[in-house]
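Just below sit the structures, each encoded as structure tokens.
Okay, so chain A shows up in both of these, paired with chain B first and chain C after.
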Partner chain A sequence: MKRYDAIVIGAGHNGLTAAAYLARAGKSVVVLERRPVIGGAAVSEELYPGFTYSSCSYVSSLMRPEIMRGLDLPRYGLQIIPYEGILTILPDGDYLASYSDPDLTRRENLRHSKRDAEAFGRFSLEVLRQCRFIKPMLLMTPPDPTSFKLDDIRGLIWMGRKFADLSERQMYDVMRFWTMSCADFLDEYFESEAVKGQLAGSSIIGTALGPRSPGSAYILLHHYMGEVDGDIGAWGYARGGMGAISRALAGAAQAHDCEIRTEAEVSQIIVKGGKAVGVALADGEEVYGTAIVSNLDPKRTFLKLMPLEHLDDTFIDQVRNFKIRGSSGKLNIALDGWPEFIAKPPIPAPLYSSIQIHRTLDDLERAYDDWKNGMWSRHPYLDIVIPSGLDPTMAPPGKHYMSVFVQYVPPKLKDGPWDDAKRSAFADTVIDTLAEICPNIRDLILHMQVRSPWDLENEVGLTEGNIFQGELTLDQLMFNRPFPGYAQYRGPLRRLYMCGSCTHPGGGVMGAPGANAAREILKDFKRRILR
Partner chain B sequence: MNASARHDAVVIGAGHNGLVCAAYLAKAGRRVLVLEAGESVGGCAVSGEIHPGYTVSTCAHILHLLHPGVIADLRLKRHGLALSAPDLATLALLPDGEHLLLSSEVQATRDSISRFSRRDAERLPGFRARLERFAGALRPFLMATPPRLANGTWRDRWTLIRLGIAIRRLGRTDMRELLRIVGICSADLVEDVFESDVLKGVLAFDSVLGSFLGPRSPSSAFNLLYRAAGESDGRRGALSHPKGGMGAVTAALAAAAKSFGVEVRTAAPVAKVAIEDTVATGVVLESGEEIAARTVVSNADPRRTFLDLVGPDQLDTDFVRRVRHIRMDGATAKVNLALDGLPDLGGSGPHMANARLLIAPGVDYIEHAFDDAKYGAFSAEPAMEITIPSLHDPSLVPEGGHVMSIMVQFAPYRLRDGGWAAHREAFGDHVLKTLAAYMPDLSGRILARQVVTPDDLERDFRVSGGHWHHGELILNQLFMLRPVPRFAQYRTPIDNLYLCGAGAHPGGGIMGAAGRNAAREIMRDWSR
Partner chain C sequence: MSEAITSDFLMKTPFHARTAPLCLSGKWGRWAGYSSVDCFYSVTEEYFAVRTAASLFDMSPMIKYRVTGRDAARFVNRLITRDIGACPPGHGLYVCWCDGDGKLIEDGTVFRLAENDFQINTAEHNFCWFEDTALGLDVTIADVSEEFAALALQGPLSRLVLERLGLTGIEAMPYFGLAWFTLDEAPLLVSRTGFTGDLGYELWIEPGRAEMLWDRLMAAGKDYRLTPIGAAALEMVRIEAGLIEIGFDYIGAEAALRESRKRSPYELGLGWLVDLKKSYFVGKRALAEEKRRGGPRWRLVGLEIEGNKPAIESFIYRGRTEVGHVTSAMWSPTLKKNIAIAVLEAPYATPKADLWAEIWHPRELEIRKINAPCRVVRRPFYDPPRRKA
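Coming up: the complex of A and B.
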């Protein structure tokens, strides 16, 4: 029987990234995917004839350019179509647009508030500074502050130096940015509710925090990370939907003889002598390998795939206490024609990365309160994209595919589990909201897929439907992600590794966790810890 | 203004930190004048008569943080500081008449929790011990001047190194846990460990008392550490009642200060800090009187100090912007009652009324109370901390009478629909209505009622935003970020002007640390 150098559980984008890097280094790798399609939450699916749905993740803004280049993804068919900024539609038919051209954005902000237009420059600079500070850390293994190992001390010193390079003012601003609430941060700059609302959207997507919760400013940063690469090609729509990214990653891996098996569900990680040695598939087949790499979230990896007797109680507590909260839902809609919005910006709506309905900070906070109380937001935040406006491969001519991301939606409703009736009531809430800014929407709907966090969990395998595989709060970032002591991609058993978004630097279709995990695994091969 | 100032220092405000600062400066042989706008000293640490013969702590009502160093250095006991109850138990009341008792008696506490959850009873001591270890590592830094991260002195670097060592000395497991929980919300912290709602409610309540945070707001767990770092007369984490109410504490401080030669003038509100070429030269009173001083020390909150007393025209715009955005909207109110007898506590019985009573039956209860406040309404079902100090201290009341002091979460400073003037009494009624479920005969016993809202705190006690801590205790406003970055060392952009109040590190509570730290920095500058 063939024994692999590495077995990757789950063909999500991070699993594929890790596999590609390992295969490129000459290792024999197999990726085992439960579903018939690869990609995890970065998939394109034809759920209605002629339409391609990016059924989960829907824009590519975070994919690391280093990985794009390193794995030569464009060669395997990845093409990014750049888009404009955000269009917020106000209830009175006015709008607030942000553009990739800062002068246009400034002029647009001036229409809403002279003060905010001036502040926007300061704000952008500040966010850019913060991103520049964090960006080099995305592709590093977080050093363990409690360790005395050379690598860790070196890493800490490197980080310390980066910090010391900042001016004193910037140092304090870094500390503040990591801990303060998005609302407090925005209030320091802006007065217009339209401006604040538009920016705050980034701080709540995928997160079980409100804009007034301390720590939410960092989430804003996390979403901005992709936008400061300067290289416009690094962000936009993936041509052919998000599945194109997964397919390119798979192509890069297969070019180095990586095997990718779909409909190969792993039911257990085989442990012998305190080491992970292989996996058992649902059909009884056993696959053995040197390194076992899980792309799943820690709750799945450790509480579902591992016999608990191999883990100590403290570790199990850490896994159980890992915060992984589902808070987002999604509608994928096939449209018979272009949806007409009540606002008419000079740059037409198809060019925007996101179309939002205006929400004040209070609106967003109330939407979050609904989630806390176990119901979907009655006035939800919507992040709408229509990729077919720019990418003709997504829908037949004249027709359009619309993705509506909805925040907040709980995985468990207080009045019982998700079922078809609730799903349809939820869809009604969303469509009603949508109709406020897009009156003809109902007449255009050909087909609609409704996804609650519960569906996301059951289809894609994300616990609670959390799109980041774990909350991006201070207690679960850097050397705390997923839990203190296990932030270096190594699991609690020898030969067991983690490569999903649950590890540093976290979620979004970024690829960084997969690349970082592969680097650590290769390091262990080199050190002959793995052989 | 007179070049040879008669006073070495003039302190604006006779709150407890102002008095502590003044006393330390005077003890070092300096001539110090304290100017208080009100009729009496004490700031928010005062006792007041709410009905003939009935005295109660008007604002702050439990002493649990006053630093033992301050007590000893200023000989406060000799000047009249005494405790009527050194170690209050906590009794959490439930609407069905059930209750949970937490006290320093280990077995009684264990038994009480066991009635709700045996597992929780086993876990609480470990949980507390760990908090205490964390608090122990951080405690010395309450009395440290926050370091500057750059452009600092060797002393700043040494403080940072000491902090690093203190955290490392916790050992690997504890250090990891501390780094994890430092920014977490208290709901996560307690829900990870405990299962019974009532115990979780008690801990969650302590984590949000005095702040505008809910138990699900990240950063709230830190407040538990802050509380745990407190000491009452050497007892760590103990809650106590001062004899004579909170005013007796500041009376003792004032007496101590006077014994060192401090001059205290009441009814002398300061209108302006006199500034010549970015150097403070004294103060101008509202009466027009000018008082020259070598150093001006403000016990007022940062917003009041810089925006009102100094004036934005004296400061650079960036600094003013930061001060304007300090989060300091209060959300805590007080209701004080004079009673003609002890109210019936339902199932928990009168023998337990001498504890600190809590109405906080669960994490969600408190979170919902907080949710109301976020949008400018007082809580439909408020969480409360109640004491009946007259049970320990008969001198507060006439024979047979009692006073009840109720701290209410949440009552937001920015109340919508007309503000506090329109809703003050409705709020008081509302609190009593909520309490009626726990103490059915309370309303019949009330002789007099006093309601102190954040609005009253701002007007009568001159605390901007009516925030008890002169600024929220959240991570982005603590230590070297308090009150604003680069000015956390009690010095200000105006030379010879210092801050000594709770707006500076380490923040609020009747602790005296800010006053003492400020005095140390002032004397350091004098000796240069």
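Coming up: the complex of A and C.
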């Protein structure tokens, strides 16, 4: 029977990234995917004829350019098309657009506040400073501050040096930034609700925190630290949908003879002699390998696939306490034509930007309150994109694909489990909200896919439907991600590794966790810990 | 669907209807969100018009603030490093302002229109900074950029043009003086200021009367070779005049991403603008401390370089050690010298230092490296007596 050098459980983008790096290093690798499609939450699906849905993740910025280059992803079909910025539509038909051109953005902000027009520059500079500080840490294994190993000490010294390079005031700012709330951070710069509301969106997407929760400022940074062609903070569409990223990663892996098997559900990790040695599939097949690499979130890996008798109680507690709260839902809509918005910016921003419905910080906090009460937000935050505007391959000519990301949506409702009736009521809330800024939306809908966090958990396998595979708060970042003591991609058993977004540096279609995990696994091969 | 970008992407200045038909070169640039002519026909022709006759430059995109109120003078004195007491009403002052660490935010001009009525002219937006500085003071700060169209009339014959225009008393106007006139019933503010280092004036009028002013000036200047000029020619004369420009010779403290790029006035040769004897101003403590420690690490200097190849973006060496870099450089047609403004480490910012510039010069698509000896010289490089006379 064939024994692989590495078995990757789950063909999410991080699993595929890890597999590609391992295969490229000459290892024999197999990726086992439960679903018929690869990509996890980075997928393109044709759920209505002629339309391509980026049915989960929908825009790209965080995917590390080092990985795109390193794995030669453009050669396997990856193209990222940058878009302009954000168009916030206010209830009265006014709007606030942000453009790639700073003069235009300034003039736009000026219509809302004299101070904010200028403060926007100050704010962007500060966020850029924070990004510059964190960026080099994305593709490094977080050093463990409690360890005396050479690698850890070296890593800590490097981080200390980096910190020492900052000015005194910047050091304070870094520490403040990582712990403060997004609302407090924005209040330091801005006075206009439109400006604050627009920027606050980035601090709540995907997280079960409100804009006034401490730690939410970091979420904003997490959405800003990506780049498109060196333009930090810019976002774009993967041509052909987010599945194009997964397909390119798979292409890169397969070019080095990596096997990718779909409809191959892993039901258990096989442990022998205290080591992970293989996996058992749902159909009874057993696959053996040297390194067992899980792309799944820790709750699934350790509470569902791992026979619990191999784990000690302290570790199980850590897994159970891991915060992975679902907070967002999504509508994927096939449109019969171009949706008309009530705002008419001089530059056709709906085509070039993501679109938000205006929400004040207070609105967002109220929306979060609904979530806490076990309800989807009655006045949700919507992040709308129409990828077919810049990428005509996403829909038939004259028709459009619209992705509507919805925050906040709980995985468990207070009045019982998610069902078709609730899903439909949820969709009504979203469409009603959407109709406030896009009156002809109902007439255009050809098909609609509605996804609650519950659906995300059951289809894609993200526990509670958390898009980041675990909250991005300081207690679960860096050497704390996913848990203290296990932040270097190695699990509690020998030969068991983690490579999903639950590991450093976290969620988003970034690829960095997968690349970092592969690097650690290859290190263990080299040290003959794995053989 | 497929909507095109149809809006006015860049704004047009009040003189656009006059300048656009004259812009034969098709060379336009961007300035503070406006379309701005880079060169009308020939940079050389425009350059020589400034130095030998008279030139007209549309400086409307410049950012202007009006500061009024009981505490306006106190505000300005808290903002700038110079003493505003030295500037009576009806006069202007070249000034700079710093952040709390004594790092330069910008340099610009202040016009004292009345005891407590000021106009501050800047290249960058400063509204937030000014408002923050005004905290607790009884002042109103307004961005009046779009309330004035502005032209720079510069050159040795500029005074004759204004005399011909009928501005009586213009010959008596002192350097950095201000005067009000009425032209075709429109109030016209004239300041004897400029960015050319030559005799010259700046004219400020309401935007609705901008084309009238342009037409009247062009008619008055007909016999004096009054020539519209673009930003390229202005860039040449401002380097000759040794004037520094934000974004080229330094990065403003509010715009600097890297802490190490911020500069103090002492580093930029603006020490003469810092009055440590006057009452508190923003950055005073830090600047006093910097002076006490013997000055900062860097110095902005003028360089004369051998040969005739402009030392654009060159590194400056002493022996084999890199000691600085050029921020602005040109061949000066008036001085017949190869000049540059450069930032050097303080110990080498002296005429005695034995320096050389590494110049990469393209020659028919092939880039040649030239090591040209250079020496530190006084700025301004060119300073005709008529500038202040």
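Keep this in mind: the second predicted complex is superposed on the first by the 518 of 531 C-alpha atoms of A that agree within 3 Å, B and C clash if a C-alpha of one lies under 4 Å from a C-alpha of the other, contacts with A are read in each partner's own complex, and residues count from 1 in each chain.
As a working rule, contacts are C-beta pairs under 8 Å (C-beta built on N, C-alpha and C of every residue); 3 or more make two chains touch, one makes a residue touch a chain.
Keep in mind that what you see is a predicted model, and the values were worked out from it rather than measured.
Asker: What is the contact status of A:485 with respect to chain B (first) and chain C (second): first, second, both, or neither?
Answerer: Touch status of A:485: first partner only.
Asker: Can A:125 be said to touch chain B (first), chain C (second), both, or neither?
Answerer: second
Asker: Once the shared chain is lined up, is A:173 touching chain B (first), chain C (second), both, or neither of them?
Answerer: After superposition on chain A, A:173 lies in contact with chain B alone.
Asker: With both complexes overlaid on chain A, does A:369 touch chain B (first), chain C (second), both or neither?
Answerer: It touches chain B, and chain C stays clear.
Asker: Please work out whether A:209 is in contact with chain B alone, chain C alone, both, or neither, and reply first, second, both or neither.
Answerer: Only chain B; A:209 stays clear of chain C.
Asker: Given the touch rule stated above, what does A:82 touch, chain B (first), chain C (second), both, or neither?
Answerer: So A:82 meets neither chain B nor chain C here.
Asker: What is the contact status of A:65 with respect to chain B (first) and chain C (second): first, second, both, or neither?
Answerer: Neither: A:65 stays clear of chain B and chain C.
Asker: Does chain B (first) or chain C (second) touch A:106, or do both, or does neither?
Answerer: It touches chain C, and chain B stays clear.
Asker: Check the contacts made with chain A and report whether chain B or chain C touches more of its residues.
Answerer: Comparing touch counts on chain A for chain B and chain C gives B.
Asker: Find the residues of chain A that appear in the contact set with chain B and again in the contact set with chain C.
Answerer: In chain A, residues 167 are touched by chain B and also by chain C.
Asker: Across the complex, what residues on chain C touch chain A?
Answerer: 1, 3-10, 30, 32-33, 125-128, 131, 143, 254-255, 257, 259
Asker: Name, in rising order, each residue of chain B that touches chain A in their complex.
Answerer: My answer: residues 148-151, 168, 172, 175-177, 179-185, 188, 192, 213, 216-219, 321-322, 325, 327, 367, 371, 374-375, 474-476, 480-481, 485-486.
Asker: Note which residues of chain A are touching chain C in the complex, please.
Answerer: Checking each residue of chain A against chain C gives 101, 103-104, 106-107, 114-115, 117-119, 121-122, 125, 128-129, 132, 166-167, 170, 337-338, 346-348, 351, 389, 398, 400.
Asker: Once bound in the complex, which stretches of chain A touch chain B?
Answerer: It is residues 145-146, 164, 167-169, 171-173, 175-176, 179-180, 184, 187-188, 209, 212-215, 317, 321, 323, 362, 365-366, 369, 372, 473-475, 479-480, 483-485 of chain A that touch chain B.
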